[in-house]
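So that we are looking at the same thing, I have put the structure below in structure tokens.
Just so it is clear, A, B and C label the chains in written order, and each chain counts residues from 1 on its own.
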Amino acid sequence: MSYNWNWGIFWEASPEGVGTYLTMLLMGLRWTVATALLAWVVALVFGSIVGVMRTLPGRTIGIVASAYVEFFRNIPLLVQLFLWYFVLPELLPQAAGMWLKQLPNAPFWTGAIGVGLYMSARIAEQLRAGIKSLPRGQAMAGTALGLTTVQTYRYVLLPMAYRIIMPPLTSEFLNTIKNTSVALTIGLMELTARARAMQEFSFQVFEAFTAATLLYLALNAIVVFGMRRLEKAVAVPGYIAGK
Amino acid sequence: MKRLATVMALMALPGLAAAQDLSGTLKKVKETGTITIGHRESSVPFSYIDDKAKVVGYSMDICMKVVDAIKAELKMDKVEVKLVPVTSSTRIPLIANGTIDLECGSTTNNVERQKQVAYTNTHFLTASAFVSKKASNLKKIDDLKGKTVVSTAGSTNIKQVVEANAARNLGMTVLPAKDHAEAFLLVELGRASAFVMDDILLASLIASSREPGLYEISADAFSLPEPYGIMLRKDDAPFKALVDKSTAALFRSAEGGQIYNKWFMSPIPPKGLNLNVPMSEKMKKIFANPTDSPDPAAY
Amino acid sequence: MFTAFDFDVILRSLPYLFWDGMTFTLMLTALSALGGLVLGTLLALMRLSNLPILGAVATGYVNLMRSLPLVLVIFWFYFLVPYIGQIITGAERPVLVGGFASALITFTLFEAAYFSEIMRAGIQSIPKGQVSAGYALGLNYRQVTSYIVLPQALRNMLPVILTQAIVLFQDTSLVYVLSITDFLGAASKVAQRDGRLIEMYLFAALVYFLISFAASRLVRHLQTKTAIIR
């Protein structure tokens, strides 16, 4: 095999001048986590709004919400990121476009919001399924008690729905983490991009990718562990997942 | 030293021609009847895709001469040339893992890379500089303090920027781009203030841009002029000897100068622009005495 | 700079976009969906088999693939596949693997993990009594699996499998990171060459949208049809 292995490479200084190649990868991991967390917040907020809209009786609201879901579901994430990063600033008025481009850490904001919006369509679908899975009597009971629609959702439907969809939400969160790597195409220096840069600087392809793989596995394990505990804590008694 | 290398290369050859037991890349070409060449997409005028989606360029012409020499050496009527697009970041692993046999682009030859790959005789010399919009008034490296700077992922240039950033405490944000065209686009769009790259590539990017008058190349350079070489697999002495011999013969012949003039002194596709870069004294020297030295001081 | 929207650049590059780019994308999608389904079914059978080692290997593989970002997996295989080929064939040098073959191997191996989960659910949805009935009739494992279990599992899971294929169709755009000319790669090459980003990326988004949307509508239609029959 015409490949020179060098596992000591992680302890050699990286060209960035602030530590070793291992430091470089860990800095990438930090960006991956930061991007995934912001994307997750965006996904939950927009996904919840759109998911609820899809269960409301109004026809226009339903059409708007399903158009939103179809838009974000049927365009590849990579293309969506290109739209936000390259196309959007050119379509805005010049001053606004310039502000967007000059934003410090533009790849981070674009990547996090882009991944978040992409994931929000999937969360909306999960939440809709969660709400629909509740007995119709629950909403009716809310109305009978004199609650407004907002109150019914806030106090009756959503607390149940979110707890029911905890397991799929876990895997959507894992997907969010994985999807942040697509943002390397717009210059975000997250974990995969750092592994790539390490390969380019040191030519140690397989060492770099092995390290990135292990870091992703560790991140996954932590998230799965944390979410399982959360799932247990909020499980609805009387359901199969509950106690 | 240079002489010695040439002499040694020439001495290795007669044995090769007679040998029944070919090895490495030559054996592969003989057995499969194909040679795979890695090319670039936007390294004008070295290796790029023209308006008819054809791969052309100065390095490509040199490589085709090398292919002719291989054909003659192996006494084959026909060698099929397969083209694989590579980027700055994929080219070295792809040479090492056997996906491509020759990389014909704009690859800097340096000591570090020689741990993974080998280079034939230098075919160009260029220094690392940056391009920016005239309006932003950036002349020196220190002017880049706090700016967003783009360079091509996997190039020597991005490494130099990253190192300069740390050494001079410039606080720049360094964006990696997939290829030169994308990097230049980020400057054109205003996403980045400057693009650090080999000055010859910057000059051709500016010349082929929509409004060449908008841009300028910095006076400061990040490096001495560094050698470009065609890349091949490491530890394949017979193949390297043959490639070295054929490129050396080409550079010394009149045809070498003609190929240079075709790409640097005449209109080139896709837009028929003329880069107008006459052969420098140093270039004339390496054409007369071909060398594969990775040391910029040797030129 | 980008004041006028230029439809002409789209028209001029249509043959390149569709003949070079879309052909690559669709071929890659179809072949790796097929390969992924076959391999995924094998993995699912391994996981449900009585041999603990087989089950552990399959589970480990599926979990590993599902934990990694596709982009990282694409990089891994692009550089690794020639060496694997060398080991498998015992050749003295890394085996030459072209861009298409490399992408095909990557997506087949990656998607197999996802298809195996689908097929596992499909197989588990078959009542145990049917399998017992098969054995009672004197059929062996292979016969029970290929004549009773898999045809029904495939049929029940067809909408899910097709939905996954649509996801795969979108995911193939990620070969962009390797500079391979798929549909998006072709669009971005034209975009960068002619400085027509807006036109090309919007057009690419539109094409992906129309194909995915139409395909998912078809799947939904199919779903209601099969649901009625059952």
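By our rule, a contact is a pair of C-beta atoms (placed from the backbone, for glycine too) under 8 Å apart; a residue touches a chain by one contact, two chains touch by 3 or more.
Keep in mind that what you see is a predicted model, and the values were worked out from it rather than measured.
*Asks:* Treat subunit B as absent and tell me which of the other chains still form joined groups.
*Replies:* Once subunit B is set aside, the chains that still touch form a single connected piece.
*Asks:* Relative to subunit A, which chain has the most distant C-alpha mean position?
*Replies:* B
*Asks:* A-B versus A-C: which has more C-beta pairs touching?
*Replies:* Answer by contact count: A-C.
*Asks:* On a C-alpha centroid basis, what's the spacing between subunit B and subunit C, in Å?
*Replies:* Measuring from centre to centre gives 36 Å for this pair.
*Asks:* For subunit A and subunit C, let me know how many angstrom lie between their CA-based centres, rounded off.
*Replies:* About 22 Å separates the centre of subunit A from that of subunit C.
*Asks:* Hey, how far is the Cα centre of subunit A from the one of subunit B, in Å?
*Replies:* That pair's centroid distance is 40 Å.
*Asks:* Provide the list of subunit B residues touching at least two other chains, using ranges where the numbers run on.
*Replies:* Subunit B, residues with two or more chain partners: 93, 96-98, 178, 189.
*Asks:* Give me the residue numbers in subunit A that touch at least two other chains, ranges are fine.
*Replies:* 2-3, 86, 90, 185, 196, 205
*Asks:* Among the residues of subunit C, which ones contact at least 2 other chains?
*Replies:* In subunit C, residues 1, 79-80, 83, 86, 93-94, 177, 197 touch at least two other chains, as defined above.
*Asks:* Can you list the subunit C residues touching subunit B in their complex?
*Replies:* Checking each residue of subunit C against subunit B gives 1, 16, 20, 78-80, 82-83, 86, 93-99, 102, 177-181, 189, 192-193, 195, 197.
*Asks:* How about subunit A: which of its residues touch subunit C in the complex?
*Replies:* Touch list, subunit A to subunit C: 1-3, 70-71, 73-80, 82-83, 86-87, 90-91, 174, 177-182, 184-185, 192, 195-196, 205-206, 209, 212-213, 216-217, 220.
*Asks:* Considering the complex alone, what residue numbers of subunit B touch subunit A?
*Replies:* Touching subunit A: residues 88-89, 92-93, 96-98, 112-113, 115-116, 150, 153-154, 158-159, 162-163, 165-167, 173, 175-178, 189-191, 233-235 of subunit B.
*Asks:* Of all residues in subunit C, which touch subunit A in the complex?
*Replies:* 1-2, 64, 67-72, 75-76, 79-80, 83, 86, 93-94, 170-171, 173-174, 176-177, 184, 188, 197-198, 201-202, 204-205, 208-209, 212-213, 216
*Asks:* In the complex, go through subunit A and note every residue touching subunit B.
*Replies:* Subunit A reaches subunit B through residues 2-4, 15-18, 86, 89-90, 98, 101-102, 104-107, 185, 187, 189, 193, 196-197, 199-201, 203, 205.
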